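I am attaching a structure below and will ask some questions about it afterwards.
Each chain gets a letter, A, B, C and D, in the order it is written, and its residues are counted from 1.
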């Protein structure tokens, strides 16, 4: 019974690419974290130590920085697609390339007398991070767009009750609780036979739809909320095939103030770090 | 030559207090990280193991949560002052209490048809964290307000040149560079003989002044920028006695694209994690 | 074209279970981070908000703690299998349960006059974290054992050269470099028709084999080193079916000391945080 | 009332210096994180933007790397003293330099047939980090040695009771609890009129004494334990003037298993992240 190489991939992770567009006095900034990897027939590199088919991770890094200049970063999706295509083209034995990009948003600093903000001074926005993951194969491209660390909270309009009980169940029914999460979501685009997606406004649309669905859905469980958020996105954009969520249920425990003669009608909570619920779900088109 | 107890303090760190104000259907949220400590004559606890003068850290925690209900959190400064006073009052041997609070800001989620945002659904803002550190002694209170993790960047308008050279110096003069920092700042209030500070608008004022000074100062070094920022704050608010900064110089290294036949006129940078410059400075009134 | 629920799972993540065995004066400690999740037909919870088939994540947490007492933690694998079986049994609609456990090792504190260390005082060992991931389905169990954060470094005996070049390649050949990684590995056990694995000594065996293969393999690339490590493990234990690696290539850049009149023959390096290479590979039996 | 510059300092933080000693086939490794800063009359840099007296932080970085070669790293204390002296000497307006070093320990990988471990392959030890902080002034040097992240736990032999009560106190007396901390300690050397300290064995001695005192002291509070640990060190080494501790009380809460018909006599705990107690104390010689 022999031993063989199974699935493998390699690349350069977390290239911190900052691109300043300074064609005019009003600069733009794109602040990225770029990870690339290649897969394919790299057996010789592993088994024989022969690197002749291996495009170095250092070259992948160089390409990530060079492409920030050459093709620019109008959107992280367009940049990632171009970068993935280049890496596959440059590596004959590669079957495909994956490019992941995280983008941190910046705002212009407000300055007296400059109503649209300063030309070249910025403050990092914080909040969620926009993401994309592109997989480029020889004759196919898959694009996912997404976000991570979108921290949402409802201070009412959430319950959890009438659940399954066993002998380890002590949780009481909750008619009114805090629901909070730090959302990770990614949606896969169906690109066949369609026009080009305008990635930046599309991102804003999806992000807003996710938040509005979170806000306006009465929640009988995080699961139901994710379903509502997923449906809202698929109904909004028919060019999205599916959307996946990972939603930690960030518990906010009501603090017992009764020993101090105080009532606590959903007013004072301790936010817990660990453990946390973790709810994962995909919402998809029937034919996806 | 004997051995004795030197300076000491003890308390409860990082109480994650979340206060929902729900007196009307339009809720408010205050999201805090509260740390308290006491100092004074606690020798017996150390040397003899006698805990009779020690207010438990668990009680300090309880008080932090109870006070979020009892006195509320109109501002973190007012809350911290009240909490510190309580802890000193409850602990006869305590000489003083320190209360540190970090506050994470939240925004209302935008919802169709609700122009001022949702009543009870929120998204964490991200960006900088507002802070306060209050020291309450028997007959004195010192209040510092501040912020941390305010990430600022100028894509031009910054140089560093004509510096001291020794035989280990290889840095070339830079006429035009990226200047970036993740600012921590705190300012001490002079409270004697003055009216009460309106803490929340005061915070917004100082934050804006810091950012505007960063944006509009041509920088010959991070040191000069901090000086300008400090002056701006002290000129704006005569009730602030001094302001202290810790400003990591987050290096953005220009990437050499010439091997690829590309120019790079301040357009593509690699953002470095470590090492980083670290510039610390205090700007103060002459008589402070 | 309809919308439907796709894959989903839910559970409680990062239960910090600490189990003290104190049946005698010589205590033992098991320090765990336990995550559980369930998958199956939970459509009603998402689509209709009906929680009647949902075993709460709070109950999963309770079970994790209760089982630390009831079945104990002789090994994390045995504990995870028992816990997974319980969760599936308690949840009629569940198709399966995944249980992940991380274990932090502790050593007894050395004490004068107690040659085998103190009975009930411990120091956390640090270094790598032992892991397991168990998937329990109605009639099948899959067990992976593993480790993460095993930080390894060779100060010589590593090269990288004769690789593929394109127009973005600037990396020179390296005949002698530092090779370093923070290894994550997990190996899947083939349990059919075999006796029970003695998990704790098996872990020690595999860990030692991984390290020895890393140490004694001349490396023409991280890929070749991983292949050697994988082969060593599969040759050592015939009850292991495959082993997977994620190995960040933690770059150590040689510092140019020539401006200071100093040579640097592989003596002084700057350890870089980002970017890093990321090499992933599985080594498997032919029939696995 | 004018505005002036107050205290200030600047430097380069977190230089990740890795020094390989390879004079023979049996290599040694020193893995450091080095931070330097200077203070003195740097007013012109702030107020006038004049950098002519400022030794760049980039030069400080270069010196840290060059000195790893030139003076080597026999101990982090000797290296830090030499580096601090150099920086002060190179900067005429500097009043002093502070050098902080963290050292990560490595072990040789065990290899069959090499009883003392591999010549050039290493595994990072994990556990606590050794530290030093040296302040060099024109005619004085202060040396602190220390450690951080030494995680200690006693599974019995710890109580906390008979403490002060107020109306916010709910904590019951504990006769037997888990006591755990992640210790930071640093000790200041009295160097006048004494021979040179042999820093490496001295570190091992102090570390062992701290752990043994933790293990063998019955604890009526973390404060009493710190006092015992401090005394042990000052009694061991008469050339240490004082020792300071920051000891988070890492709470391990006993889990209530009674709903499941199980007893829990100090066997199953949940390790909490936040909040935590934080106990800080200095133990000093009478005349220090």
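Simple rule for what comes next: contacts are C-beta pairs under 8 Å (C-beta built on N, C-alpha and C of every residue); 3 or more make two chains touch, one makes a residue touch a chain.
Note that this is a predicted model, so its numbers are computed, not measured.
Averaging C-alpha coordinates per chain and comparing to chain C, the farthest chain turns out to be B. Interface comparison, B-D versus B-C: the higher count of C-beta contacts falls to B-D. Between chain C and chain D, the centres computed from C-alpha atoms are 29 Å apart.
Centres computed as Cα averages put chain B at a distance of 24 Å from chain D.
For the pair chain B and chain C, the distance between mean C-alpha positions equals 38 Å. Among the residues of chain C, those in touch with two or more other chains are 15-16, 62, 66, 168, 170, 259-260, 273-274.
For chain B in complex with chain D, the residues that touch the partner chain are 1-16, 35, 37, 42, 45-59, 61-63, 66, 90-91, 160-166, 168-171, 220-224, 226-227, 230-231, 234-235, 242, 244, 248-249, 274-288.
Contact residues of chain C toward chain B in the complex are 167-168, 170, 259-260, 273-274.
The residues of chain C lying in touch with chain D in their complex are 15-22, 27, 29, 31, 62, 65-66, 68-70, 106, 109-112, 118, 120-128, 149-157, 178, 208, 211-212, 214-216, 252, 255, 257, 259-260, 262, 264-273.
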